[in-house]
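You will see two complexes here that share subunit A, one where it goes with subunit B and one where it goes with subunit C.
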Partner chain A sequence: MKRIVHFIALLLCSLGLIPAQAAEPVRIGFSIAKTGLFAQAAPSQITAYELWANQVNAAGGLDVAGDRRPVELVWFDDESDPAKSAQIYEKLISDEKVDLLLAPWGTPHHLNVAGVVERHGFPMVGNTAASVAVREVQPGNIWFSTSAIPDRIGPELAALAKQSGVKSVAIIANVLPFAQENLQFLVPALEAEGIEIALNESYPPDISDMTGLLSQIKAAGVDGIIALSYPADSFLYMGQAREVGIDVSFEFLLVGPTISAFSQAFGDFADGIVTIGHWSPHQSKWSRAKPFFDAYVAAYEMNPDYLDTALAYMSCEILEQAVATAGLDRDKLRTAIASSTFDTINGEVSFEGVENAVTPTAFLQLQGGDMHLIWPEDIATASFSPR
Partner chain B sequence: MTSAFSLLKTRFVWFLFAGLLLIAQVPSILGSYWTLIALNLMMWVAITQSWTLFSGMTGYISLGHVVFYGVGAYVVASTFNTIPLWLAVPMGGIAAALLALVVSVPVLRVRGPYFVILTFGLAELVKFSILNLETVSGKSSRLLFGTPSIEILLYCMIGLVVLATLTTLFVTCSRFGRGLTVIREDEVAAATVGVPVLRYKIIAYTISAIVPGMAGGLMALKSTYFEVLQVFNPIISFTVVTMAIIGGSGDVRGPFLGAVFLVLLSELFWTTAPQFYMILVGLFLILFVIFAPNGIAAFLDKLQISRKSG
Partner chain C sequence: MIEILISPQLAFSALVLGSLYSLIALGLNLVYGTMRLLNIAHGDLIMIGAYTTFWIFTLTGIPPFVGLPLAAGIAAAIGAILYFSIFRRQLSGIDRVERIEANSLLLFFGVSVILQNTVGMMFSGSPRAYQFLDTVYEVSGLMMTGNRLAILIFAAIVLTSVVIFLTRSQYGLSISALIQNQTAARVVGINVSRLQFVSFISGFALAGIAGALVSMTEQISPFMGFPFTIAAFVVIILGGLGNIKGGIIAGMLLGFVEIYVVVLTSANFRSMLIYGLFVGILLLRPEGLLGKTRRH
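Moving on, here comes the complex of A and B:
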């Protein structure tokens, strides 16, 4: 009798008349700078994670080595504090018992978390971390998707400036590590290209007035400005550059211009700003790029952050494809991430050690309210246009 | 007059040491996340206890104790893999004490709000000086891989708590400690009756820098990433003062009670409502300043007295 009941239940299930027991969700944890100094950058990352999770769930769930399971995101606010971020990952792994991890925002957070994932042997694909220090990280549990590493940015940016006809520049730099590392490699690269550095000043991370610095730059009469800035100071720079009347042909801001709110806030005045970034939906070689852009705009009614949202989404794609082949077993997952080539919105990605070995260091420029790749030539979607 | 040895016999002190033994069991009972929380708790107790030794006893409110924590962390991070850690961590404490000794002469000449502002300014000055030094030397950040486990750091931090607590206990009961208390009550009168005011203040300030220096060194080893702005974060100084006020800055029990109270509050609320947590901390601080200015320790004493008399 029992067998008959089982058989009937199985039959009804297979016909879809009785819903099968829901698959257990795959819990994916991360920390986010929802409040604090880096709060402006957090939406770029969390929207990418949410969009990816929604898309995966809409498609029937995450492919875990052949089984489809829904995705559940588990996250906590790290208050922009890297030490708090490490504490959260400790909690996610040992207390919340998550199945997978996504990355926090920013280099200090990634490098603080590196020790936690190393200790637990828990693989994590990083995204918004860029530092020469990543090469000191033992390969095996963390990988960095970005190609915006300071020792590569310096020479490439100097070459771009030279090609754009820049003869003299003013540099202002945030004292935070990513900006300072860039400064360290940029200065010799500019000198090697024969570009005069008329001014080189650093400023604190919580700067609230740049008019003094900008007045000095204006008085220096340079034809290029390189601001090694973070999101909050990039916004401050633009607002005050307009007030001071800065007018140069080449203006570079390190982090911030790729955020949708940046071009919304400054409109035409932001046109021509150059920044770091290696993704654009206009690059037709990358078949996933435009569909991602369209899906993002449809979901959030704004453009994605061309740097951080793209990187965050790429890290999700890498994780998704690795889980499809390796499942949730950490050893298999580690091998899959380290040895596979992944198809992402930024084209193919594979890792050598902890670094993205495929994506070139590139630059974007705001042109007509849109972000275009202008460097290097083989992935460029437009030419540099002077301000 | 109470001697240090008779204080050691009090129920509360033995209760504290039993608590420390219990905390030492956290790694084997509650796992790695709670070990991290226990480490943070012990760090707060150690540096608040040291802060109390100077600020609680003299009444000179230092809003820049993070400078000693940061210097200790910097010594350990910058010598990592160069000298052994058993030497680097005490060196962090010595460097912090030397800094305190050097700056104490000008710093301790001012009082009241001027002293508060000066200590805060000093911490910022040292922070940005080291930041510039790191920038110039091309070391804006450092990675520290291969550090001791959190369990070992916890045991070392418990050792620092014991050291800080015993030091405060012995100082409290010594002639030196009584001199500091007189300075707090009336500095001019203290000088008049023969207390060597400046010397006592310098000694207390220097001693109070040692444990924060070593605690900073240990906490630098907790993270794989060292960044100057993190270890010189003024929030550390504000938190220490808050813990001392809430727990009671004139009592050896105060740092324990204040740290436990705030760490528990934080653990209860940070995952669910971090903004709510900060509002609660602010609210509690106001309530304590108004209704229990001498902190939880004095409040508990008052309760005990009223129970006995009732």
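Moving on, here comes the complex of A and C:
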């Protein structure tokens, strides 16, 4: 009887109808901010990793240069500490002997881990790092798939505002690094476009009420507001802007609108909010985009984060396609990542140095509860709609 | 500038923020006042209250006001479990206040980590939110979002009820006596252990209520509690540790200072001025604004 069962299992495996679980798993390591400051943000990344791993295993395993092998994720909590993240990658490579690496969450963690992967010559595709500082990283073993880099966001956002008829803006900015880096490039870009900056205020990350700030913005009589905010203050802004009677045609929030909870909290009132992001499931030219969105919603009963989850999933797709051609040999893998063009949920991606050379810096807008790309024109899924 | 300063909009926001600060600090103050326990997991109980309300509303559509007693009940139940499993023994075995405070800090730190990670494992760390009572009402030019108005009303009801209870009822007066002097309270026949238990779970329940109200306007996540813990500690230290009325006044004061400081100076100075005020008051009046030297 046992022999018959084994024969049937072998037959189904050979036909690709059930995964070849007997094969040694490909161990893929990463650190995750399970606790600490970034613990709220990190789930957007780990859900993408889990979804991808489950999909790969359900499809018979990871294609390792022709052989199918199951994927096993190996992760440790970095407690939101970039230094600890670097130690974990050291451990993953030296002690755990993982076959592949996925990226940690956030810019500081990426920058800390860059030294480790460089020292070991272990290629890793980054995802949620967004700073001009990524260009200072030694190219060769780390690549950044984002196009939301502040020195590009500034000029593009100013151009979008100008095209949207904005003549004067108020800027409020969180003092945390990503917001301030954006502010640094945004102000000259707005001035270059001839847009008046009527108010430019920064605020601390623990701000718990914005009524005063918003009252000043209202008094300034601007037609555009750019809030270089993080998720908590994006929520605060939205909750209080309507109460203060803010009524402008162009409202931009830096980080926050792409997470599922944002739409759940504000519903129709969030319509028209513009934010950073270069992926939308509505872009029909990207054949993988909508299936990914549907699979994510089915798995987690919420929308993916249009920025971080999309980036994390893209990095998995890039790694998957590189491994399919190069296998697990690090030199071949490095060459494959650096020189290939990948088909991702965000369209084609290829790298020049450490940067994504294809995906343009783009902006999203909530329209009728859906997140649409509104900039630039060649990937837009809808036109800008005034608030 | 003058127009903004005298606008009812700022006064309304200051009242909402101040009442929330007062409510958040009330439970912490009650637990410290009666037992000298420093509950640094207080913000995590606010998180528990927020999650309870979120799930009740999301799964059944029952409004947060109706779900609020359950949020208080779950937080109180957690309090009861912790009291009987850990803190009753701690309180009975140690006489020195300093030792109780130090031990409670460590124990509550552990409780905080366990609560955060348990909720994280149960519901993931992804932020969640819901839309409730977000219509804007206008009264004589003052715009009020329904959920913020509800926070103000419910916080005012809870704060007033607690103050009346503590100052008018026999049981409340016993708690006040316990806060003022535990030894004297014991001498005059007050059942200290029972009152400590009631105060302990009441403090937790008040945190649950605060969480239910907070959930109407903020995103919730397993890690949302820490800023509330910090705010509550600032308020109770300003008002005088264990001084219930002082804590309420300090919460309101902090709300007004925060709102008007931003307009008068810059939002950038907000934290600097608030903590500057905190340090300044501690230097001038180490016992807090309305605090008195206590005896254990």
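We take it that the second predicted complex is superposed on the first by the 363 of 387 C-alpha atoms of A that agree within 3 Å, B and C clash if a C-alpha of one lies under 4 Å from a C-alpha of the other, contacts with A are read in each partner's own complex, and residues count from 1 in each chain.
FYI, a residue touches a chain if its C-beta (ideal position, glycine included) is under 8 Å from a C-beta of that chain, and two chains touch if they have at least 3 such contacts.
As the structure is a prediction and not an experimental result, all values here were calculated from the model.
Engineer: Under the stated touch criterion, which partner chain does A:83 make contact with: subunit B (first), subunit C (second), both, or neither?
Structural biologist: first
Engineer: Touching A:208 in the superposition: subunit B (first), subunit C (second), both, neither?
Structural biologist: Second partner only, subunit C.
Engineer: Using the superposition on chain A described above, determine whether A:259 touches subunit B (first), subunit C (second), both, or neither.
Structural biologist: Only subunit C is touched by A:259; subunit B is not.
Engineer: Identify the partner contact of A:175: answer first if only subunit B is touched, second if only subunit C is, both if each is, neither if none is.
Structural biologist: Both partners, subunit B and subunit C.
Engineer: Tell me the contact category for A:242 with respect to subunit B and subunit C: first, second, both or neither.
Structural biologist: second
Engineer: Quick check on the superposed pair: does A:115 touch subunit B, subunit C, both, or neither? Answer first, second, both or neither.
Structural biologist: first
Engineer: Which partner does A:40 contact after superposing on A: first (subunit B), second (subunit C), both, neither?
Structural biologist: second
Engineer: Looking at A:219, would you say it contacts subunit B, subunit C, both, or neither? Reply first, second, both or neither.
Structural biologist: second
Engineer: Jot down the residues of subunit A that show up as touching in both complexes, subunit B in one and subunit C in the other.
Structural biologist: On subunit A, the residues that contact subunit B in one structure and subunit C in the other are 34-35, 175, 202, 204.
Engineer: So in the complex, which bits of subunit A are touching subunit C?
Structural biologist: Subunit A reaches subunit C through residues 34-36, 39-40, 42-44, 47, 172, 175, 201-204, 206-213, 215-216, 219, 231-232, 235-236, 239-240, 242-245, 259-262, 264-267, 269, 300, 302.
Engineer: Where on subunit A does subunit B make contact in their complex?
Structural biologist: Where subunit A meets subunit B, its residues are 34-35, 76-77, 79, 81-83, 86-87, 90-91, 93-95, 107-108, 111-112, 114-115, 118-120, 131, 133, 136-138, 175-177, 180-181, 183-184, 202, 204-205.
Engineer: Within their complex, state which residues of subunit C touch subunit A.
Structural biologist: 3-4, 7, 9-10, 13, 16-17, 113, 116-117, 120, 124-131, 134, 136, 143-145, 147-148, 217-219, 221-224, 227, 231, 258-260, 262-263, 266-268, 270-271
Engineer: Per the contact definition, I'd like the list of subunit B residues that touch subunit A in the complex.
Structural biologist: 31-33, 36, 40, 128, 131, 135, 138, 140-143, 145, 147, 149, 222-225, 227, 229-230, 270-271, 274-275
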